[in-house]
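The chains carry the letters A, B, C and D, assigned in the order they are written, with residues numbered from 1 in each.
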Amino acid sequence: MREVVKEENPFIPEPMRIVRRYNLIDDVKLFQVRAVDMERALTLRYLPGQFMMISIAGVGEAPFSISSTPSRPGLLEFCIREVGSVTQALFKLKENAQIGIRGPYGNGFPIEKMVGHDLIIVMGGLGVAPLRSLLYYALDNRNQFGKVYLLYGAKRPAEMLFREEFLALRERDDLECLLTVDQDDTRDWPCHTGLVTSLFQYVKGIDPHKTYAAICGPPVMYKFVIGQFLKFNIPKHQILMNLERRMRCGVGKCGHCVIEYIYTCLDGPVFSYWDVIHMKELI
Amino acid sequence: MKTITIDSLARVEGHGGITVEVEDGRVRGVRVNIHEGPRLIEALVVGKTPEEDLNIVPRICAICTLSHKYAALRGLEKALGIEAPWKAKLTRDLMLLGEIMESHSLHIFLLSLPDFLGYPSAIAMSDRYAEEVKRGLELKQFAHRVMEITSARMIHGENPIIGGFGRYPTDAELSGIKESAQELVGEAERGIELLASLDYPSFMEEETVFMALNPPDDHYGFVGDGVLISTGEERSVEEYRELTQERVVPHSFAKRSRYNGRSFTVGALGRMILVGERLTGRTGEYFKKLYNQRWKKNPLFNNLAQAIEILYCLENIPELVDEIVKLEDPPIANPPRTDGEATGAVEAPRGTLYHHYKIEDGLISEADIVTPTAQNLDDIEKYIGIAAEKLISQGEGSNLELGLEMVARAYDPCISCSAHLVKVERR
Amino acid sequence: MDKIGLYSFTGCAGELLTILHSEDELLDFFGCAEVKFFLMAQSNNEEVNLDIALVEGSITTDEQTEKLRGLRARSKTLVAMGICACFGGIQAMRRGDGGWEKRFKKIYGEALLEVDKPFESQPLDALIKVDHYIPGCPMDKGQFFSALTRLLNGNPPSLYRFPVCNECKWRGNECLLLKNIPCLGPLTAGGCNAICPSYSLPCVGCWGPVEEANVASEYQLLQEKGFSGDVVTRRMKTFGGVRMAQLIKDVKKV
Amino acid sequence: MRVLKMQKENLMVFLESIRGFGELWGVVDKGNRFVFDKLDDLSDYDFKPRKPMIPPKLFMHPPKFSMFRFNEKGYEAELEEIPNRVIFGVLPCDIHGLLILDRLFGAEPPDPYYMKRREKTIILGLSCVPGDTCLAKATNTHVVEEGFDLFFSDLDDYYLVWVGSSKGDDLVRVQPDLFEEKLEYKDLEKFIEWKKDRDSCYPVDFDFTAMPDIMELSYNSPVWEKIGEKCLACGSCTMVCPTCNCYDVVDRLALGKFEGIRERHWDSCMYKEYSMVAVGHNFREARSQRLKLWYTHKLQGFIGQFGKPSCVGCGRCVETCPVDINVVTVAKALKGEPVEAFWNR
């Protein structure tokens, strides 16, 4: 009965269950979530870079990027920072608790166009959330892409999300995994120290016209990272970024995410640097 | 010596307590201490326009907000020489009926009854006495609607203004409350019967002086320009200073009143005693049946007097409504002058409320407000003294708190004080 | 079940009465939490550690200050209800003009008061940390229950953060400012359902200032409409308490 | 389009005859304001065109409503209680407003709340004579070709009735004898005459076509700072605008049991909180930025995407903003024309 309503009503969340949750850092957790309906769980399709609306009845809804890759169906992963009411409520929930989810929404990365290209993924802080999806998608479909670079900067080692996971990735020889921290307060950080832009010196041998760059991080990061890509001569429409806006609906109705007449939830959240140039408010 | 403290007789508007000092079984002193922080409202309205005063003074007390509004309106309009349109006058009367009824039903059913029936609160009472609690809530809710349609909201409604109303209630709203009023008459009667069936203990009985406004045309009512006194005199409200003789006492932020050196009582009981005979209809019948000489001596009968007034309101609302709907909405009356001085008074739920203003050049230069509870405080002290002595002499130590509290509560001094705990400190 | 307490300081008791006046919700209210303290409604009150303290009224004496500090110390969450608690209330309308002592004498004369040391009205957060604010004079019962139910579920309240004008337009009212009536709607926190403008009466600001009150512009607008600066600031200050006083001061500085 | 003729005295009979289709609503004069109200009694209704303060968007997109309920078991949509309505007297600019909202709410995935209400609402349009603030001719929204079920053009002693939908046709068929099928040449002549007349009396004539470029060029114009300083952030402009649709969502819980609703209510891009995201970052902290968004949204973005502004020229912002910030003053100022407005003083 409710199925019918749901089908015609995009605002009614689907029941999903928190399968597991991991502490990543102090205020960030990874949630593994699965649709209660098993068939739905296995058939749910999405693209890296898309997001979903997580709903906690009685509290509200908020958009979150999908951190898992569609190449591994069944479980959805979200990497979430505790900042306000929805996220606080979510953090209080135990494994096996039921939540509501709508989506996937947004354009996601233009995977079809990106196939056959080199990839440079640059992330800072919580920018991992959407880009981890892209990263694993590329790794799971390794033969579809050329070189793959991962550049990730955190403030301190303790604040690096998925630290062990990424440290392990350094062993792979089909990926250039470059990690950095602004400051090493532990004194045994095995990788680079410095801003994320300082990792670009290790990016070598790419063909700029055959390269897609993807960036996500705190607003201050974009300007500097984009500058680096421009130096590499990567075409502006091949520099992609995930943007954040306030969102209440996720489907282009509530207006909050609008920029001029562009709805971040429909036409984004992935935009190219070219979009940014002609839409002044984008970043 | 031992000291009995009614710990938190909060407010006339706020917090306070009652201390009773007893030595060798004799009461040495009773003090109602009002600790309520001072707000200095009368000083704050100086330099404001009459319109602004009307926004401010209702905030003195959220239970009698409309009584303050009405008393202020009467004072200010008189001072400015405004004759409020008849429809405005009737609509204001209606709103006052709403407030009286709302305050009384709250007091009787939620605050007083638990005492008589032996519960800590109406909520605790609601299991066994579901009917009664429901009845109280229904009457209250109806009264809210009356207040809402006339004043725009339940508490601190701004709709009554100088010279009229922002918007008069619609005919549909009025006929709606008329209908409900008629339906509720039975509930009010059952309320009176319940209260009449209660046992009113006599441990504090003694005669006192009563005052109430004299409503015009030999009617019962809550608005008037003369003050009746149980000594047989009648004075004008303009003489309120003499009648109430306010003074400051060291132990209280609330001022006190005496008349000719005697403490006195205002409120529903006073109104019944002074003008109860004018009641007609079912209300009149109940009055005749229930009224007796003990009422003059025993403040607990205030509860019964309030119950009768609820019925009075219900019987009168339909008549008032019929009269109001006949009238066109009049334009707002404008003040012919910008200077003047006058006193306005209404019977608030707890008794006579005076608002005195002097206006110069359109701004208030002096304001004086005498609330019913301030007038009652001395009598409350007196009756608590008598009660304490009597109860102690009867060896009723265990019921002391309840007894004293019931006396205080009967005056319904202002809502919070009526629900508070009495602590007896024995030194 | 959460332990809650309802406390009242200097004010008109409008918030606690708003709760008591909620006939439809009252029984559920007492059922949804352990009401440990509510002087106005019950006599079996206890001063214990609380999950939620709901506080109305402003602070005007030393004794109240002590009581409030104690209350804060034993409460996990403390909510200020009504403009007295949030901004100091009408009794703070002249705060800081230096005339308080004089006004006090005017009312009480030279009589010696033994009660408690009084001072000019302070909002709660001048003395302690307040977790949430429910504005209004009095607060709206719908907003209160919406905030309370969220708190009882462990979530912060989600109250309207827009000015009165929003709801005024929902109700299809023509703007009074256009008719040269000095409405304070744009400066005032919404949530009251724009009652006054819906009765063709100007908003007097009884919910206190909205977060982003453009005082300077409204001041200039009303002056242009023929209201003297005095009248305008007086109106703004009546219910605006310490927050409005600050906003006005900021404007004057510029 | 099918066009019929109706004698004026038949209108009331006609409206009475179609009450079976739903509640009848129209714009009424409430003393000092025009609002939509139910027309239960037509006997002293004058059927004159009036511009209500709040446009008809409120029927499809109410200021506040519950989207769904929830409890421990899950969610359940609240859609069933929507009444059928017939709205008489919808003006051309407002019909254009609805068309723009249709596009927005109807886009994939369609908003069921809006769509359901739209479906259940019959629009009876009515021709108008422009008031002081109308600029519909400038926005080319003074004529309508779609978006209504019936449209009544008032030609003094009779109406020309344009049948705009199959439901409109059903309405006509209830009492077909109220309409005259055959139009004469002079009827059309009269209509053209009327239209010419009416079009000549628009007080505000303004060329919006260049707006996108002007907006683009005036991104850093000092006008934004100026209006930002004076804007009261009251949001009135957005509430009365027929094409503003922004909303916010809050969950409300019942007392004592886990049960509640998700409420949707009108929001405004003029409010500070509107663009705030986590950790307090605000994309539009300054009022000037918010105003810029509104005007780029209406006068640049939409034109860019759909070839026309999303301002339908109703003039409501002109009438509503207490500090004279509106499409006309702002557009003029950006074009460098002199503007007499509060914000400019």
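Following the convention adopted for this analysis, a contact is a pair of C-beta atoms (placed from the backbone, for glycine too) under 8 Å apart; a residue touches a chain by one contact, two chains touch by 3 or more.
Remember, it's a predicted structure, so these values are computed and weren't measured experimentally.
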How big is the gap, in whole Å, between where the Cα atoms of subunit A centre and where those of subunit C centre? 43
Determine the centre-to-centre distance between subunit B and subunit C, using the mean Cα coordinates as centres, and give it in whole Å. 25
Inter-centroid spacing, subunit B versus subunit A (mean Cα positions, whole Å): 65
Centre to centre, by mean C-alpha position, how many angstrom separate subunit B and subunit D? 51
Give the residues of subunit A touching no fewer than two other chains, as numbers and ranges. 58-60, 84
Per-residue overlap in subunit C, given as positions that touch at least 2 other chains: 149-150, 153, 158, 200
For subunit B, which residues are shared contacts with two or more other chains? none
For this assembly, give the contact graph shape among line, ring, star, complete and other. other
Mind listing each pair of touching chains for me? A-C, A-D, B-C, C-D
Of all residues in subunit C, which touch subunit D in the complex? 25, 28-29, 31-32, 145-146, 148-150, 153, 158, 161-163, 165-166, 168-170, 172-175, 177-179, 185-187, 200, 211-212, 214, 216-218, 220-221, 224
Which subunit D residues qualify as touching subunit A in the complex? 67-68, 70, 74-77, 79, 104-105, 107, 109, 111-113, 219, 245-251, 253, 258, 260, 262, 267, 269, 274-279, 281, 283, 293, 296-297, 300-302, 304-305, 310
Can you list the residues on subunit A that touch subunit D in the complex? 2, 5, 8-13, 15, 57-61, 81, 83-84, 100, 219, 244-246, 248-249, 251-256, 258-262, 266, 280-281
Spell out the part of subunit A that touches subunit C in their complex, as residue ranges. 58-60, 84-85, 88-89, 92
Residue numbers of subunit D touching subunit C in their complex, please. 32-33, 35-36, 52-54, 63-64, 229-236, 239-240, 250-256, 258, 260, 265-268, 271-273, 287, 319-320, 322-323, 342, 345
